[in-house]
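So that you can tell them apart, the chains are marked A, B, C and D in the order they are listed, and the count of residues begins at 1 in each.
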Amino acid sequence: MATRRSKKFNDFGLGTKNDTGGYRALNKDGSFNVKKINIPFFERLNFFHSLITMSWSRFFVLILVAYFGINILFASIYTVIGVENLTGIVADGSFDQFMEGFFFSAQTITTLGYGRVAPMGYPANIVAAVESMMGLLGFALATGLLYGRFSRPSAKIRYSENAVIGPYHDINGFMFRVVNPQSNQLLELEVQVNLAMQRKNSELRDFYSLELERDKVAFMPYMWTIVHPISDKSPLYGLTAADLVEKDAEFVIAMRAHDESSSQTVYSRSSYKATEIEWGKKFVYVVKRENNGIVIDVGRIDEMETAPLNT
Amino acid sequence: MATRRSKKFNDFGLGTKNDTGGYRALNKDGSFNVKKINIPFFERLNFFHSLITMSWSRFFVLILVAYFGINILFASIYTVIGVENLTGIVADGSFDQFMEGFFFSAQTITTLGYGRVAPMGYPANIVAAVESMMGLLGFALATGLLYGRFSRPSAKIRYSENAVIGPYHDINGFMFRVVNPQSNQLLELEVQVNLAMQRKNSELRDFYSLELERDKVAFMPYMWTIVHPISDKSPLYGLTAADLVEKDAEFVIAMRAHDESSSQTVYSRSSYKATEIEWGKKFVYVVKRENNGIVIDVGRIDEMETAPLNT
Amino acid sequence: MATRRSKKFNDFGLGTKNDTGGYRALNKDGSFNVKKINIPFFERLNFFHSLITMSWSRFFVLILVAYFGINILFASIYTVIGVENLTGIVADGSFDQFMEGFFFSAQTITTLGYGRVAPMGYPANIVAAVESMMGLLGFALATGLLYGRFSRPSAKIRYSENAVIGPYHDINGFMFRVVNPQSNQLLELEVQVNLAMQRKNSELRDFYSLELERDKVAFMPYMWTIVHPISDKSPLYGLTAADLVEKDAEFVIAMRAHDESSSQTVYSRSSYKATEIEWGKKFVYVVKRENNGIVIDVGRIDEMETAPLNT
Amino acid sequence: MATRRSKKFNDFGLGTKNDTGGYRALNKDGSFNVKKINIPFFERLNFFHSLITMSWSRFFVLILVAYFGINILFASIYTVIGVENLTGIVADGSFDQFMEGFFFSAQTITTLGYGRVAPMGYPANIVAAVESMMGLLGFALATGLLYGRFSRPSAKIRYSENAVIGPYHDINGFMFRVVNPQSNQLLELEVQVNLAMQRKNSELRDFYSLELERDKVAFMPYMWTIVHPISDKSPLYGLTAADLVEKDAEFVIAMRAHDESSSQTVYSRSSYKATEIEWGKKFVYVVKRENNGIVIDVGRIDEMETAPLNT
């Protein structure tokens, strides 16, 4: 239960001036509470990042709109060239002919090519040759993005809603617990807990990297309780619940692991504010043995019981 | 032959309460003997993990069923629209017409598009345009998954069926051996051996990370015997075969390596229970020199000979 | 503010002879100022590297040229075989027939296959079968490259135009700052700063790895000022602006991080020459608090104010 | 020039018995001189590894044979069903009809689908629907493999043909040099040099990890000379050229780096036998300054000059 390191060192670029104080640096979902301004458009631009991280619904709407728009464009080109350059057109009115061009375009860009309607003459043939090539490349990109999104690794680690400060051996400890709700194995997990606190009568914030009972595990098949022992070397030593609120304390959690199904490194972040800490509580043990195996009741991750603090 | 570290530290979240005792934590194939319950469906859901790890037969059945089902769906839509909107339909009866719709759908979703049957009019054309686009994206996903499964790295490391405790220099050692049966090179191998034992007259289990003679190799072209020297600092020091069984001992092995053919990090796990350890044995040397090269007889990986223990 | 290491050790293969002196080793965009000669063509060749790193315009021109060229080739083959082996050809003149062959080739290589024109007889059918297979593989490769280029991770880190040497606590420091202008998160950033200086009255250059106030951060949501404290152990200790110019000093920066959107490791490099250092300045603080979040004014990254040096 | 570590530790599983002595463990191209026997077929099998590492010519022949074979198979099926179920067949003889089936199959499996020949009736339609789906998945796999092969990272590091033992400061050193002949950047290079020597009058080989002047560089834009200083702690201390030959010495080199164009970790291996070491030589300096840049003459990597050893 040795306390290994507790230096003021990692402020992850959060700055130490007080104009950054009194708010939540990291949202509970792991996103940062920050906005960057005055970045030239082309420097800020990251198509790949946007397309890979937008919601599925936006992604599909975008693809549909692009598909529709490009077919409108090519239908217009075929109309300008003249539908008489497409064999098999049976439509009469100009809107109907435009729509025949639209459907022909869709059959060309997907390389479907029924052939009921087919291009005749140079202009229509050239446009169709270009369109089918563009179609192959365009769908290729859509395809890559689709799979990229689908296979994108993410550690959907679930954190206990609140952290506790409770008894730990003959002292006390700051504790929270995590579980991997999914069936993929996370390997070589590492966790860092950083604490930000407003300095008293000062415009500065102090940042501490908290020593943990154990900051690495080889695998996490069960639930893992992460413990920072509040020894006399801990920055939490001697502080009360009221002190933490006054100092606007925020515990910032960063985890990383190797995800066995995607063979990639995954990250997870979360945070606890002073008001999200229960004092004098401990987590209830939720591992049961059944037949020849172990059963973990994930639904009870937040269950606590009263446990008087050591003094 | 120094013993480098033997601390009680890595319990990989297995818990230390005795209700987790008296069973196998890790199966020989490296899967964990654990079940998680009460996880909300959408949190547990991991399509990618399921599709990438299911058996090949289930995967192909799934694809066939999806292909069949989607074509049934679109055949129904074309039937509702009316087969008179498809040119070239020669079928008479309603079932035959449905089947023409089914085959037309298959030709559309694969972007095959023979054109013997082709859509006429707005509704049929719109459905066909949507179907071909869905087909491209759907097969793209199937394709990505197929290649993802195919290229998924896995260290198919073969472990000796049993471990031995036998003489090692002037003391004894816990030993097992491993070989890579495949022709891909594994580089920068690292191995960890953890030992779990029930504490005497207590409800707790102790976990030990065992010191190894060597826990890293740059490559493993041959067979590798992994040795934990049972020095006086070892948790195995002074224990007998009966002690290990009584303490329900389990040796949990975790290996990791870089796989040169997939350029990815691969992992392998296995375990030995107390009953899978042979005492007073050692492994037979199976490396032979032939002409200008080395020959390893992998089939003899389990071969042992009697070797009296040092006392 | 301890200075952790400042050894003459990492010359990254730049050599220590003076014929490499008096120039910029690393350009500001991170490319090296070096040319390798006398490399056999096939050893130097790296198609993948060229295709993945060339500009987008060159890449698209290359694809268009390849598409056009291959269709010309196949059109010639169909013409040699004789267009009478293609059904549905309506053209008369030999150029028109060649063009029909060209369009038929385009419809075949993209697997579009309208069927208005279709192969008859063995030679035309065999060529078409081969062409469509080649088309699938060729577009596959183009597709892979397209997505490979698109998804290729790159840390577009923006460096302050100049570095400063200014007051740092009760001594001075060499400082520059960086920001990630894009919305993707960079995690586990590491930075190395190396200094190259011409040795006095000697033909050798010395290389120093500079100790940094902090060389790692867990994340960088804001702007990060990287500081080398000029303690009495620093190779910069006691040097003036004129000394640095005379010694042709170059500060070589290497950063690396994990890019969360692509799940890959990304690298960034830059350098500052002696003439790009402002003495007696410090960077202006550009982080503001607005409502419940933080606002970073990236446009002011280069803003400095006068700050007298400690002596 | 401190000698940092020279322990007998890393025998990379090469064994220490003498029946492995007197030969080359690692070939100059980095492959191991080893054969594994008695491995059950299915355990040894690694389709992915074989398909990704076979030569390009074998790969293309394999794809062509598979494409041809599958079309033969489906042509047979269509013939059994009866070509009267395919519209548009004009052939008469049974071989010609078989060939029509073959070409129809090729048009189906590539999803080309001209439609001149098209399936009629249930059996032909069902087979065509299955074939086109198989075609999409099969070409998907070929495609993935093609790109996987193309983008597979490999460090094509070039080693000097021979190593030298020559003067190094006031002692001597074992040296060889390496260069990256390609234009992609290799970053964070690490090198390990291991030495294997037969023990005198014994059946054992000793393995040493040699201390290097520098075993890591941040980048390698130029040529890098790797030096093992032969201090009094070196296993080479006091040995002569004849000693090394008698001890059948082999220097095994392992390098690893991050390849910037593929964003992956790459490895390179090579070895020098005692007979490939030049004594009393040193490498000629091949870096020149030209205008504002550096020129490396890669063709002179092997150039040496005489340099009397320190004694």
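Note that in this section contacts are C-beta pairs under 8 Å (C-beta built on N, C-alpha and C of every residue); 3 or more make two chains touch, one makes a residue touch a chain.
Everything quoted here is computed from the prediction, not taken from an experiment.
Peer 1: State the chain with the largest centre-to-centre distance from chain D, centres being mean CA positions.
Peer 2: Here the answer is chain A, farthest from chain D.
Peer 1: Answer with same or different: of all residue numbers used at the interface between chain B and chain D, are over half used by both copies?
Peer 2: Interface between chain B and chain D is built from largely different residues.
Peer 1: If contact pairs are compared by residue number, which of A-D, B-C or B-D agrees with C-D in over half of them?
Peer 2: Going through A-D, B-C or B-D one by one, only B-D repeats the C-D interface.
Peer 1: Distance from the CA centroid of chain B to that of chain C, rounded to the nearest Å?
Peer 2: Whole-Å distance between the two chain centres: 36.
Peer 1: How far is the middle of chain A from the middle of chain B, if each middle is the mean of its Cα atoms, in Å?
Peer 2: Comparing mean C-alpha positions, chain B is 25 Å from chain A.
Peer 1: Residues touching two or more other chains, restricted to chain A: which are they?
Peer 2: As it turns out, chain A has residues touching two or more other chains at 111-115, 143, 262.
Peer 1: Over in the complex, which chain C residues touch chain A? Could you list them?
Peer 2: 63, 67, 71, 90, 99, 103, 106-107, 110-116, 139, 142-143, 146-147, 150-151, 156, 158, 179, 181-185, 187-188, 214, 216-224, 258, 260-263, 285, 287-290, 292-300
Peer 1: Enumerate the contact residues on chain D facing chain B in the complex.
Peer 2: 9-15, 17, 19-21, 23-25, 32-40, 43-50, 52-53, 87, 108, 111-115, 118-120, 122, 125-126, 128-129, 132-133, 135-137, 140-141, 143-145, 148, 152-153, 192, 194, 254, 256, 262, 264-267, 269
Peer 1: Over in the complex, which chain A residues touch chain D? Could you list them?
Peer 2: 111, 113-115
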